[in-house]
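Look for chain A in each of the two complexes below; its partner is chain B in the first and chain C in the second.
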Partner chain A sequence: MRSFFRVVWLVLRKDMTVEVRSFEIVSTTLFFAVSVVLFFAFALVKEGQPPGDAAAGILWIAIAFAGTLALGRTFEREGKSETLRALLLAPCDRPAIYVAKLLGMIGLLMAAELILVPLVALFFQAQLLDHPLWLGALLLSGTLGYAAVGTLFAAMLARARSRDVLLPILLYPITIPVIIAGVRGTATLLDPAGEMVMVRFWTMLLIAFDAVFVVLALWTFETLMTD
Partner chain B sequence: MTQNFDQVTVSDVSRHFGRRRALSNLSFRCEPGSILGLLGPNGAGKSTLLAILATLLRPTSGTVQYGLLGTVYDTKSTGVHGLELRAHIGFLTHDLGLYTELTARENLEFFAGIYGMGNVAAVAERALSHADLLKRADDPVASFSRGMRQRIALERVLIHGPQLLLLDEPFTGLDDQSVATLITRLLDLRTKGTITVLATHDLEMVEGLFDQAVLIRDGRMIETMIRPKSLRSLYQSTIKRESK
Partner chain C sequence: MSRLFAPASGLCAIMLAATPFVIASAPYESTMGLVQKIFYYHVPSAWLMMLAALVSGTSSGFYLFNRKLSWDRIAVASAELMVLFGAIVLITGPLWGRKAWGVWWQWDARLTSSLTTWMIFCAYLIVRRFGGIGSEKLAAGLALFGLANVPFIYVSVNYWRTIHPTTNVVPTLPLSMGGPFWFCALTLLLLYILLMQLRIRLEDQRKQLDNLYLAVDR
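Take a look at the complex of A and B:
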């Protein structure tokens, strides 16, 4: 177990060092996420009045689209000079590589969310920060579920020529429950008449999704990366 | 489980990708301290065979046995088998597997850590010395020439002292001096008992290097040669004969 976490730490630290030097994935992901929110704001906000229920949907669309971009770029980097193959050849538990990539992806998406939440709150006059703990729970559990499925698919497609096309095709249908639960949970938080029991329900649904897909990914990663 | 690769035996190995047959009933044996050449035209199946030997792919049928009494790797093998075996295998692919944003030292220290080596700094220092790149150790790999990257990549795959070394087109893009350095390193490994399997098209460069050469075409083994001489003419005559 110690060697598992040692590999997780080494891969995560290596990814962070590479990113600090290239600033490629962080910059493109954040720029794209902010652009999505701005485009929606330009399109939907009329004379300073945003549409009623748009904020929750726009927040989660920005997270999902930015996440897809980041997932593709992360594994494109590993595939570029066959470093993914070099990692897979190491005598370590391959799921440790998956966990390191997953943690990196969650860190990146949470950083994007730190910018997106105040931006959406500002442009769409949404009271997103009225329930910070519940919002944090929804975002963390939703991000984990989305990244858990996305990291697995992105790793599988790392050497596929049409990976940029295939990743969203595979990812979006499976993560629909995450997007629905995230949007409905956030919308309930923003609704003054919303009941907290429903927020709890959507959060629990996301946690259940996380548990299923993280276990499934850890179980299948070794086999999927062998053949 | 401790592995002893006193030989590697490939028995009736086939590999299909859907309906396409990439390898068909290949059989040969590698002895310790030997260099085996895998020769054949593009698409012959050399890289697929190397991937199977590296446990990155499972054969569709047949077995690879590592060591006389060692682990058998076949279509039913799980990741656990692969994990045990990978500790003794080094595989240098054509694309080198280096992080160009990291320095040579950081690359070597990272892989030494992943391979569970103690004192990664000393291990990396030794590898840099073997690659004759101590002076450029703290420069990013992106600033290196192809030959320098190749030397670092070779030390990366040798960092854990593998008993089986797999090389896919290791001479591509190298100048004469780099080729000579690589051959010297391979001969040194041969004296230490390492089994080397090397796939290449550069037949002039490997003249006299192989203890055994296996010629593959369309996934089939068409010739095995022991200590082959005049490799180019042997290769051409065999390919011509098979084409008839």
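Take a look at the complex of A and C:
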């Protein structure tokens, strides 16, 4: 068990070192996420007034789009000099590699959310920061579910021909529950008449989704990544 | 392929040709009238769509863990039929909805979950077609995840208003409607089984042809 977490830490540290030296994925993902929010602002804000309950949807769409971009880039980098093959050849638990990649992706998306939440709150005049704990719980559980499925599919697609096109095609239908639960939960938080019971229900649904899909991904990662 | 295939397909053709007459002989439903007759195709297709998704998802799971190509053939054949029967459901449903609800589409739990599950299997076929080498395994992973996803989709969309007729309608059908209904269900089930056999055989022959090419190349 200790060696498992050691591998997780080593792979994560390697990814972070590469990232800190280039800032490639962080900067492109953040910039892209901000542009998505701007696009929605231009499309939806009329005469200076944002539509009533668009903020929750826009926040989650921006996270999902930025996530797709980041997922594609992470594994493209591993594909370049066959470093993914090298990683898989390493004599260690393969699921540890998956966990490391997943943690990296969650960290990246949480960083994007730190910028996106205030930005959406500002542009769409939404009271996103009224319930910071619930919002944090929704964002964390939603991001975990999205990244759990996304990391697995991106890893499988790393060697496929048209991976950039195929990733969203695979990812979006599977993550529909994450988007529904995330958007509905956040919208309930924003609604002054919203019931906390419903926020809890959506958070629980997201946590159940996370549990099932993380277990499934850990269980299938080795099989799916073997030639 | 079994010796029963030819007679069974003949029977299926006759039954399919007979369905319009059988449906016409069923009485009109008191409130919905003529539009209700679309159910004789719609409901069995929806059942077969679910069956096909289940078969495809579970055989993908088996394929992933024991690597027998025969499981993969079942999975791909069933995925194609899932998309086919799903298309029937998604076309006939709105035709009825327009008359009964006044709108073509409702964001109802059953409709939304059918549509999204259908999309997962469309994605399955796209991956198989354009994924290149190793796409079988990729697609199998997708089908497995898609199957695990069905309850989540259903629960999450269920928190919208549900206005779709519930499943307890079918067991309470009077014989005059139940007879034609079960006849249609049986016909479509037979069609599913026959198409599965054909499609699996096609996949088999493709594989053999590939192997022959490889043998000649060597």
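What to note about this one:
Following the convention adopted for this analysis, the second predicted complex is superposed on the first by the 227 of 227 C-alpha atoms of A that agree within 3 Å, B and C clash if a C-alpha of one lies under 4 Å from a C-alpha of the other, contacts with A are read in each partner's own complex, and residues count from 1 in each chain.
By our rule, contacts are C-beta pairs under 8 Å (C-beta built on N, C-alpha and C of every residue); 3 or more make two chains touch, one makes a residue touch a chain.
On a predicted model such as this, the values are computed, not experimentally measured, just so you know.
In the superposed model, A:82 lies in contact with chain B only, and not with chain C.
In the superposition on chain A, A:223 contacts both chain B and chain C. When the two structures are aligned on the shared chain, A:161 is found in touch with chain C, with no touch to chain B. In the superposition on chain A, no contact is made by A:47 with either chain B or chain C.
In the superposition on chain A, A:93 contacts chain B only, with no contact to chain C. The residues of chain A shared by its contacts with chain B and with chain C are 223, 227. Of all residues in chain A, those touching chain B in their complex are 3, 6-7, 10-11, 14, 17-18, 21-22, 81-83, 85-94, 222-223, 226-227. Of all residues in chain B, those touching chain A in their complex are 54-58, 78-79, 82-84, 86-87, 89, 91, 93-102, 106, 110-111, 113-116, 140, 156, 160.
Within the complex formed with chain C, the residues of chain A that make contact are 149, 152-153, 156-157, 159-162, 165-166, 169-170, 173-174, 176-177, 180-181, 184, 201, 205, 208-209, 212-213, 216, 220, 223-224, 227.
Put simply, chain C touches chain A in their complex at residues 64-65, 116, 119-120, 123, 126-127, 130-135, 137-138, 141-142, 144-146, 148-149, 152-153, 155-157, 159.
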